[in-house]
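In the part that follows, the structures are each spelled out as structure tokens.
What follows is a pair of complexes built around chain A, which joins chain B in one and chain C in the other.
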Partner chain A sequence: MARAGGSEIALHQFVEALASRDAVGSHVLQCERLLRDLGVESKIYTRTVHPELTGRGFNHEDFRPGKTPTALLYHTAIGGPVADYVCARPEPRIIHHHNITPADMFRVWDPNLAGFLDLGRSQLAALTPDAILGLGDSRFNAGELEQLGARRTAVTPILLDLEDILHEPDEAVLDQLTAARRGGSSWLFVGRLSPNKAQHDIITAFAFYRRTVDPVATLRLVGVSSSVAYEQALVRLISDLDLQDAVTLAGSVPPGTLAAEYRAADALVVLSDHEGFCVPVLEAWHHGLPIVAYAATAVTETVGSAGVLLANKSPAVVAAAVATVLEDADLRSRLVTTGRLRLGEFSLKESRRAFTDAVMPVLDELASR
Partner chain B sequence: MEAHDQVVADPGELAMRIEARAAELRETADLPDTFEAELAERFDSLVPPDPAYRLPDTINSIRAMSTISVEVPVESSRFPPLRVPKSAVRMATSWYLRFVADQVSGVGRATAEALDLIEIRLRRLEHQPAPRPSPIESGPVSADIDALLAERDHDGPVVRVESLADLAALPRGGVGAIGVTTLAESMDAGRVEALVEQTQRTLRTGGLLVISSPTPAAWSRTDPLEADLAGRRPLHAESWVTLLDREGFDPVRAQLAPDSYVVTATKGHVVTATKGHVVTATKGR
Partner chain C sequence: MKDIDPPDVEALVAELRERIAVRERAGDQPPYLDADLAAQFARVVDSTPAFGDRERLVALLDRVRLAVEGSAPDHDMLAVLVDMVGEMANLLAASETRNTNLERRMDYAEYLIEELRRDQGGDPDTLSALRHRVDRLETELPASFAPPFSAAAFQEHFQDSGERQRHWYRHLAAQFLDVPGPVLDIGCGRGDLLVELQRIGIRATGVDTDPSVTAICRERGVDAELVDGLRMLERSGSGSFGGIVALQVIEHLDPGRAARLVELTFSKLAAGGKLILQTVNVESLFALARAFVIDPTHVQPVHHTYLEFLLASAGFDPVTVEFQSQLDDGERLVTPGDGPDANIDRLNEVLFAPQDYTVTGIKPAESSG
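Our next item is the complex of A and B:
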């Protein structure tokens, strides 16, 4: 396909799984659209395709390069055969590092998954040194690529069409959630039930908050489970702390319900030990929800100054931070305003520009060889 | 985008406010000094104790994954109409794909079962006795099993068997020596189990068991298309030694040559055979 400059180039994407309602999956689809807009030939190759995306991805072993100069763009998330396939290919490669959860966080909960995470890390180490470009959703991610020997890196925020992920709330659900609050404050966390997201720390901090600040407060944890053992431990913890009536594991919810969850809550509390980006922060800003977050990994730079970042997450400190935000109307208002402004930095337009600025010079160099 | 950089005039001041509020909360009436620590301990008590004890879960996971999908992708990236003939080919060959899938699944199961033995060996490490001289010696192997049986006197009849039916026909506890030929080459776990049970039943205490077999390597050379993957090809000499030793034979020795081996085992006074042990041990080749 001829680009605006007249030369031809192909950049095909490879990912272990093309998932629906998933940050990496959405990003890959947006990348395809952007590359085609830029006149770059591009297809998605993967091992599994979510049924909702049938026809959007092709089996990675069916990849056949054409006569056009071709590079490969591999997206990291977990280990798998696609990485080995890309590693063995002769074409120049670009790595987009969305980060891989450290396996140790899963070791005791799901050894099998930990094995795949270990595999992902080892494959990343093999893929990175020869890559012509390393992309990171965050400075944190790009820094990891540099530590692995990447010669050239850039920070390109995840490509998300906010119009796609930011929905209007389901009014009926919103009414139900509002009624269920019983006059107390409402904490919210959105993300897979996963040890690295540390929902257990949220629950213990919330228990402290109920005991010391608001005895009728509620907490909703929205997200599908990624570890049965961890989920069971959370259920047991909730029971042990006698919080069954106050804490809800809401599971995976449709977009309208998710929007209602944000609208019905008073604060998004993020205590994750590891995040590669943290999309729920953007959703919280959109819905005018203040954020209290533990300053770790990529959360620190995604939240920036548009949230209260904590250096430690002891129950008393988290409870005090949420209480301060909810009791100080001026602080809360400024956080909401700042969040909405910062959301603009992650607009699709801005992210497409960052991706274009990072990738096209490299493709131009390849095309001119 | 810099306008929002200072959501609070002094972030340090906000941090101090939060710390001060946290200190206040910790002073809440009726709140035990140890409350925060207790909260942490509540969760810590729910964390699985040691990754080593999760090994069975890993094995189960691998076993659960020991299947493959025979759904061949029929999408065509280069020429979409090709999907139709590809689908037809897939339908026509589906029986063969399922056959291949079964074979691959067998490999996966064999791998998982091999892990069973590794796990057992790991657990037994702390109970291992002091190292003994290797019971396996390399060198020429006599093909004359009658000569091996005749090397020593036996209190009771000496018999050669070539089938499990031969063994089953023998009387209980009165046989002095049993020579097994042409039987051990192609035994699955159940038949190995039956062989051990029958020899224990029929041999007198102190009786001799002699097993002669081609090695797996020799078998592969005979038919390179027959991979030794699913536990149906000759057991390694080491496997027989491990198995018979665990089942109460003492001493157990093996003479190993490139293409064949002979295992000799004397029935001991203590018999510890259990079905579970036999099946597990025969898998870990």
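Our next item is the complex of A and C:
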């Protein structure tokens, strides 16, 4: 979209931390590129910049508006001083809500983090009612903004260059993973070890599956730990259920290994209680892996009809659903085909269009005031 | 996109339950498997010791701090909160197991903080006094391990205060002759370095978390404040210091806080400023077996290559490493016979390498972070 009347406008982005290899961090960088392509002046302001991104972000306290009409775009994820800073600024603001994990999910495991999540929620409540526009990665996120009093909202999926996240598998790793299956079926989950991602429910459902369907099945949980206490509890659960030989906590892995994990598995099982979007679903589609997921928060709309969505996640229900997906070749093949088609809906081109359609009319109104 | 027909999960679960019932009747499987597995994780959580009370209180104090440092809140309510945290710190110190009284108070304090965020308006002088009390409270919170002796008594007993040590402080003070601003000494102890800095006319402030040593500093006529070093850095403005020094401090921090310390020093130093960190040399087994383990408040040793990397990652350039505290020949292994012995030399290197090292980093002049 061209700038209306060739008028000048600036939309500067604010985020608590500019992180590398992180969904929100990548989105912010893509936003900057898109805004500049649209002729909008844009810089990133933050409190901390990951060393790999040095030079891409500036300290929020150093922000100085120019003479051009200026608006601020704040990205939510966790509480912090940047939100208070933006809240106190006179410029009109847009909120992009990537969602904030409910603090109660962390209270027992990491009270410090829970405090910052609480803070994030209360800052979001302060920032939203005056915002000129509220963006959500999903209908779920946009709905939260509406409940907080946002007057105008739009759904604009996260700007994700699929080229950046979809890699070819490391063949040597793929061979090792295939050999390690020892003829059993293989469950996979990808995401930080985190209470809201409910790996404990996956392990429990998997235990049920081992005892009732496939005694040699294996489960791999790929992702870095976000809470030492939660990780320790998972290790105890695995040991109490006598699954040490069947469940692997694989940690964080490089892209080629991650691709091999998807290729070597039979199903991606997602039982998260809270997700703002859920990028691994897209990766699973790319690698032709069927998805069984608990229908909660944004997972429901990200998965859509390209996966088996469950209304409850009792161990028996999950085990039965995975068994069906693995035993019913026709269902599996339909899931894989639908997934590949749905992946196209999240292309960077589509997401850029959604962002442009939502944001540019608002900026044009500002510029013409 | 064509939707796929969802599988009939209810029917599948019924089928699976029947399969389970058959196995239960045959004695192959314990009864109530589904419910039993679903409750397994709750048992893991319940049997985990009450981790988190101290962490939760620290988090609470962090949020009180954010409130006092934010835009002027109601200081009467804030004063009540600060009193409550003090009371809770006493309760925590007195209890070894889960304390429901403490938990209820923390719940209430968290509620008050939320109220506080909504209710703005207070006078800056009272807030400044409250801020000072919050700083003090932080140092009074019971540590994970609270030694039954003061830092002053410990240093008096174990630290060399002879001519060699005084020479070292003089040498160190001279490193700050040309820095572009005042010097901050984190973990200043009894103020030995502060005295030398003052002697050569360099403006310097010390911080320490033990009141026994900050009192000694004041008696010696040097400026020292009772506050945690990370806190001091967090509340200081960007570019506030020309030099920052932390001698034998980083080994008292967990890896996260150690990295945060380096990150903060970079932002709080002026361009051209200098950071000097000293700690125990891990490559000297003698130092590890003595200096490191003698102090029970040490958290973990830090290898010089890692610390060098940490400084470089934060943006310091150049970063240099120097080794100190070479052991006297009397401590080293003696070569039998007259000639040199390569094995003895090698053993001396491994066992008796210099006991300490410093890493020095300069914040580049063109850096703005």
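One rule holds in what follows: the second predicted complex is superposed on the first by the 364 of 369 C-alpha atoms of A that agree within 3 Å, B and C clash if a C-alpha of one lies under 4 Å from a C-alpha of the other, contacts with A are read in each partner's own complex, and residues count from 1 in each chain.
We take it that contacts are C-beta pairs under 8 Å (C-beta built on N, C-alpha and C of every residue); 3 or more make two chains touch, one makes a residue touch a chain.
Model, not experiment: these values are computed from the prediction.
**Student:** Return fit or clash for chain B versus chain C, each positioned on chain A through the superposition.
**Tutor:** Chain B and chain C clash in the superposed model.
**Student:** Once the structures are superposed on A, label A:118 by its partner contacts, choosing first (chain B), second (chain C), both or neither.
**Tutor:** second
**Student:** Once the shared chain is lined up, is A:368 touching chain B (first), chain C (second), both, or neither of them?
**Tutor:** neither
**Student:** Looking at the overlay, does A:59 come into contact with chain B only (first), chain C only (second), both, or neither?
**Tutor:** both
**Student:** A:244 in the overlay: touching chain B, chain C, both, or neither? Say first, second, both or neither.
**Tutor:** neither
**Student:** Please work out whether A:176 is in contact with chain B alone, chain C alone, both, or neither, and reply first, second, both or neither.
**Tutor:** In the superposition, A:176 contacts neither chain B nor chain C.
**Student:** Should A:341 be classified as contacting the first partner (chain B), the second (chain C), both, or neither?
**Tutor:** both
**Student:** Could you say whether A:51 touches chain B, chain C, both of them, or neither, answering first, second, both or neither?
**Tutor:** A:51 contacts chain C only, not chain B.
**Student:** Touching A:43, do we find chain B (first), chain C (second), both, or neither?
**Tutor:** Only chain B is touched by A:43; chain C is not.
**Student:** Taking the superposition on A as described, I'd like to know which of chain B and chain C A:88 touches: first, second, both or neither.
**Tutor:** A:88: touches chain C, not chain B.
**Student:** Given 112-120, 130-138, 148-156 or 292-300, which one is the stretch of chain C whose C-alpha atoms run into chain B?
**Tutor:** Residues of chain C that clash with chain B lie in 130-138.
**Student:** State which residues of chain A lie in both footprints, the one left by chain B and the one left by chain C.
**Tutor:** Touching chain B in the first complex and chain C in the second, residues 58-59, 62, 107-109, 111-112, 115, 200, 203-204, 207-208, 211-213, 229, 233, 236-237, 240-241, 305-306, 308, 310, 314-317, 319-321, 323-324, 331, 334-335, 338, 341-342, 345 of chain A appear in both lists.
**Student:** What part of chain B is in contact with chain A in the complex they form?
**Tutor:** 1, 3-8, 11, 14-15, 17-19, 21-26, 28, 31, 35-36, 39-40, 42-43, 46-51, 54-55, 57-58, 61-62, 73, 75-78
**Student:** If we count contacts the way the header does, which residues on chain A are in touch with chain C in the complex?
**Tutor:** 48-49, 51, 54, 58-59, 61-62, 81, 84, 88, 107-112, 114-115, 118-119, 122, 126, 200-201, 203-205, 207-208, 211-213, 229, 233, 236-237, 240-241, 305-306, 308-310, 314-317, 319-321, 323-325, 328, 331, 334-335, 338, 341-342, 345
**Student:** Show me the residue ranges of chain A that touch chain B in the complex, using the header's touch definition.
**Tutor:** 43, 55, 58-59, 62-64, 107-109, 111-112, 115, 200, 203-204, 207-208, 211-213, 229, 233, 236-237, 240-241, 304-306, 308, 310-311, 314-317, 319-321, 323-324, 331, 334-335, 337-338, 341-342, 344-345
**Student:** Considering the complex alone, what residue numbers of chain C touch chain A?
**Tutor:** It is residues 1-4, 6-7, 9, 12-13, 15-17, 19-20, 23, 29, 33-34, 37-38, 40-41, 43-45, 48, 51-52, 55-56, 58-60, 62-63, 66, 70-71, 110, 114, 117, 238, 263, 267, 313-315, 368-369 of chain C that touch chain A.
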